[in-house]
Amino acid sequence: MKPIRLGMVGGGSGAFIGAIHRIAARMDGRFDLVAGALSSDPTRAASSAADLGIRGYTSFAEMARLEAARDDGIEAVAIVTPNHMHAAPAVAFLNAGIHVICDKPLSATAEQARQIADAAAESPARFFLTHNYSALPMVREARALVAEGALGQVRLVHAEYLQGWLSDEVHNKQADWRTDPAQAGAGALGDIGTHAWQLAEFVTGQTPSHVSADLSSVVPGRPIDDDARVALRYASGAKGGIWASQVALGMENGLSLRVFGDRGALDWRLGDSERLIFTPKDGPAQILTRAQDRSGSFRTPPGHPEG
Amino acid sequence: MKPIRLGMVGGGSGAFIGAIHRIAARMDGRFDLVAGALSSDPTRAASSAADLGIRGYTSFAEMARLEAARDDGIEAVAIVTPNHMHAAPAVAFLNAGIHVICDKPLSATAEQARQIADAAAESPARFFLTHNYSALPMVREARALVAEGALGQVRLVHAEYLQGWLSDEVHNKQADWRTDPAQAGAGALGDIGTHAWQLAEFVTGQTPSHVSADLSSVVPGRPIDDDARVALRYASGAKGGIWASQVALGMENGLSLRVFGDRGALDWRLGDSERLIFTPKDGPAQILTRAQDRSGSFRTPPGHPEG
Amino acid sequence: MKPIRLGMVGGGSGAFIGAIHRIAARMDGRFDLVAGALSSDPTRAASSAADLGIRGYTSFAEMARLEAARDDGIEAVAIVTPNHMHAAPAVAFLNAGIHVICDKPLSATAEQARQIADAAAESPARFFLTHNYSALPMVREARALVAEGALGQVRLVHAEYLQGWLSDEVHNKQADWRTDPAQAGAGALGDIGTHAWQLAEFVTGQTPSHVSADLSSVVPGRPIDDDARVALRYASGAKGGIWASQVALGMENGLSLRVFGDRGALDWRLGDSERLIFTPKDGPAQILTRAQDRSGSFRTPPGHPEG
Amino acid sequence: MKPIRLGMVGGGSGAFIGAIHRIAARMDGRFDLVAGALSSDPTRAASSAADLGIRGYTSFAEMARLEAARDDGIEAVAIVTPNHMHAAPAVAFLNAGIHVICDKPLSATAEQARQIADAAAESPARFFLTHNYSALPMVREARALVAEGALGQVRLVHAEYLQGWLSDEVHNKQADWRTDPAQAGAGALGDIGTHAWQLAEFVTGQTPSHVSADLSSVVPGRPIDDDARVALRYASGAKGGIWASQVALGMENGLSLRVFGDRGALDWRLGDSERLIFTPKDGPAQILTRAQDRSGSFRTPPGHPEG
């Protein structure tokens, strides 16, 4: 299988998530980064591209047009810009027939989200949103357990994503755009609450029908929410809640999900991500891991990729 | 120091919390159970009292009157009846000048609560409500840390009390009165949510100024709440939440409290009750235990009661 | 059932384990402490007995003789003296036909142990050694699992008891006799290694046939072992180890047991004593608790003493 | 910085650790796999190389000779064969002046180890052994704490590596060579005990001066050790132990290290690898993480690679 030729928008030197994307793209050898509009600053865009040994562009629009025209042009693009800069490049690449892998949250405004949705609907290319935690093995196991009925009817859902790095007024490249309503759209709710929301949806297979959210700016003067409590109601009768905070002092990446059904329950925490606690109604809690297939056998070295 | 002569209302054979109270009363040798109106059923009241070797009564009113008249009468009474039967005996004993140790929640109705409050205000005797978890060493340490400013200004409070034993429609002596609105007054919120509420109040030293509660009867046909989510606002600007559930399948006694301030944070869980995680703003999380005094020395055998 | 009339040897004011025994004896109401030779110091013996409101003696020999002669004399005696003072009173009370509840370890020397064994063999009274951890519910569950074959053939056993309170040269009443070979007989191995040894024996039902012990005095100048590593071999072919240390800085009561068989495994830790991890060969690890009967149902409030 | 041109010996289709090496080599973009003698089977060697798009060889000796002669030849080679096949290719590549990254354990026999040592001593190229766990951030933090004196003088060291996948007689590609004395040299001790040994050495900076090992073949008929207990003595006076087992049923990758000094203690476990528990003598246990620099500040998103 030949690697997919990948482009990137954003992710120049000094950026955070772009570098993470590049590491992830390299891991399984299925992507080959060949082009990028890595920065809105032309000099930085050029030097960052040179550092990576890829074709550099100073404009995503130009990149979409020229790459679409090349025989060896990119097949997919990763958009790793601040939230308000997702929609424009996403639409441009979708219109050019190039698959889009877009960082979450979808956009800074509902209007931008609709633009992306419309472009995706009309494009032969596909649009992907990087809710990365749903790729973790035990999260997928959790989803499978719910899907196969091991929890029975889902009754209670509780997802949290707690961080503490914005407990103070902080100024640096990452904090600045994330706490700027114009660039971020939403604060804690958008930056990490979206992960919690999607995790709950991915595992339960249900989307809440009603929400009631209590957003706060805990740090004085912060123009965006840094703590969000959301009450959820589902059409199925299930209820739940999401708590997302970036002022939970001391917390690093406190993502967790608990789901209680009438036949079983699940508990998963990112800090112990390789274990999934599953409690069936008629037996003790079980510690599920990926090294263990459903039959419970351990016959190969743990982590063995090929059996 | 002579033991306090103790009476008991409720707690006859087959009861739950009465037996627990008796064990607790014996532990430190400071109480001596000498009398009881242990059941509303006269035969059971008599046989239960005989089993315990104490003076038996078939009426709490008579017990209050006669014990108050004896030179060796009880000095305090423990009321361990279902919630709707707290107020009448509490008032009777308070009026008789006998101290009252009353099980939580205070009562089944607000009117009953007012009756108790009025009687307590007029009585020379004292009234105690058994929020037992606030006696745990690390809970007291948590309270001390908040009080001395180690957390700075409290911003976020989250308390949970999750049980799963009412996940199904259950019928037994304990379940029946706890799910009967007439006897219990409230369901999960009253039975265990009160513990979470009091824990948060005890540790933070703050009472919420506003609440918004979402009570549900998750098990079909149950006439009382079995799941409660409560959003809290404090006059100080702090916010928080309580989640109390008795349909959280698989959970036994999932009481926990997390408090985040602007200078530190606390995390305590009943399932690991001897440890308190304290994260100061300027350092790593610390695992506090009672064997350790503030200076961190371990110079006597752990648990040594006398140094 | 009338309470058992209990006496105590040792446990005067300033002692450690005597006070613990008295709390434990009171908890279930089955013992009534009525007499004691609480101290080798006559004044302290008298004042301690007066404080407790019991018959005081200044000599255990006299106590054994006089109590045996009384109609309301003690039926059992708890011996809570330092190790070298177990044998003499144990023999005296056994000879007087009074049951003996003796603190562990059995004695300070093998000769003393033989004296106790001989007296117990000839006495109508019974002799009990207080290996208290074997009373914990999940330890008993562990033993039951091994006994019923859930682990298959036991292969590996590992028990630890780690404390850190003797990491330095410490001088106080508790440390002094525990680090004095004449009074203690053995150091870490005798004081806490015995608990680990007994726990392994109690759960597996097997006694090692061969041992190889590496005892050290880690703190310079300490005349007794403060760290012990013991390799074990069993007649069944199983092997194992015990690690007991009182210089494991920061550890409080780090007692734990792991047992691996050919069909299942167990992991239990005192710091999380209400949970027992059981891993069957053909399935995921299970978290066993006492609130849960074998069928996994949770139909009464957790901890419910009467069902 | 240009990527290092990397070759590989072993790691053809069906192999375990070779694929892991390739993932790791891709992650940070500093290696470029360009050549390989991926299998001792010529057909598999060719097809595996074709699958990876690299220069394929059927002989490591030929590969060493030809790659050394090319201008664009490999600069380093990863040797990922079974243990008995480490020495010959290692010597060949070292003799050809090509750096060697060799899987652990070093070799199947002491004689082979000496051959590698001699070749490395005479070669301008460097020789690396892949003790991968020492690259984990909290392991490095542990080493730094010991080096800077935070533990004072190290007294007790205990390392474990417990797996359960060989609890039964197992036959598959991985199990077969690992339990064959001719190919593996040693069993549990060599396969995973080496990790525990190296971890202890890496963190403490000390090599034991004396060892006493108790090796067993727990599974009947197994011709190699599957459980090893090793007692350690250090020249410094410290003592310790290693327990390595592949018949610890239910364990997956139970690697852990505990170090106790006279001024502090460390506890690290692979299953919770992002946290390091450090207990200083004069304060509570601390939970160290990599998101936290020594000053305890959390000012960037957790995991932020560029500040």
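Note that the chains are named A, B, C and D in the order they appear, and that numbering of residues resets to 1 at the start of each chain.
As a working rule, a contact is a pair of C-beta atoms (placed from the backbone, for glycine too) under 8 Å apart; a residue touches a chain by one contact, two chains touch by 3 or more.
Note that the structure is a prediction, hence the values are computed from the model and not measured.
> Touching both chain B and chain C, which chains are there?
Both-contact set = A, D.
> Is it true that over half of the residue numbers where chain A touches chain D are used by both copies, so same, or is it different?
Copies use mostly the same positions to touch.
> Measuring between mean CA coordinates, which chain is farthest from chain C?
The most distant chain relative to chain C turns out to be A.
> Quick check: how many Å separate the C-alpha centres of chain C and chain D?
One centre to the other, that is 42 Å.
> Which integer distance in Å separates the CA centroid of chain A from that of chain D?
Those two chain centres are 33 Å apart.
> How many angstrom lie between the centres of chain A and chain C, each centre taken as the mean Cα position?
The separation of the two C-alpha centroids amounts to 53 Å.
> If a residue has to touch 2 or more other chains to count, which residues of chain A qualify?
Residue numbers touching two or more other chains: 164, 167-168, 249-250, 281, 285, 289, 292.
> Which positions of chain A touch chain B when the two form their complex?
The touching residues are 155-156, 158, 164, 167-168, 214, 216, 218, 227, 229, 231, 239, 241, 243, 245, 247-251, 258, 260-265, 279, 281, 285.
> Of all residues in chain C, which touch chain A in the complex?
Residue positions touching the partner: 277-278, 280-289, 292, 295-297.
> Over in the complex, which chain C residues touch chain B? Could you list them?
13-16, 19-20, 22-23, 26-29, 163-165, 167-168, 170, 172, 174-175, 249-250, 252-253, 271-272, 274, 289, 291-292, 298-307
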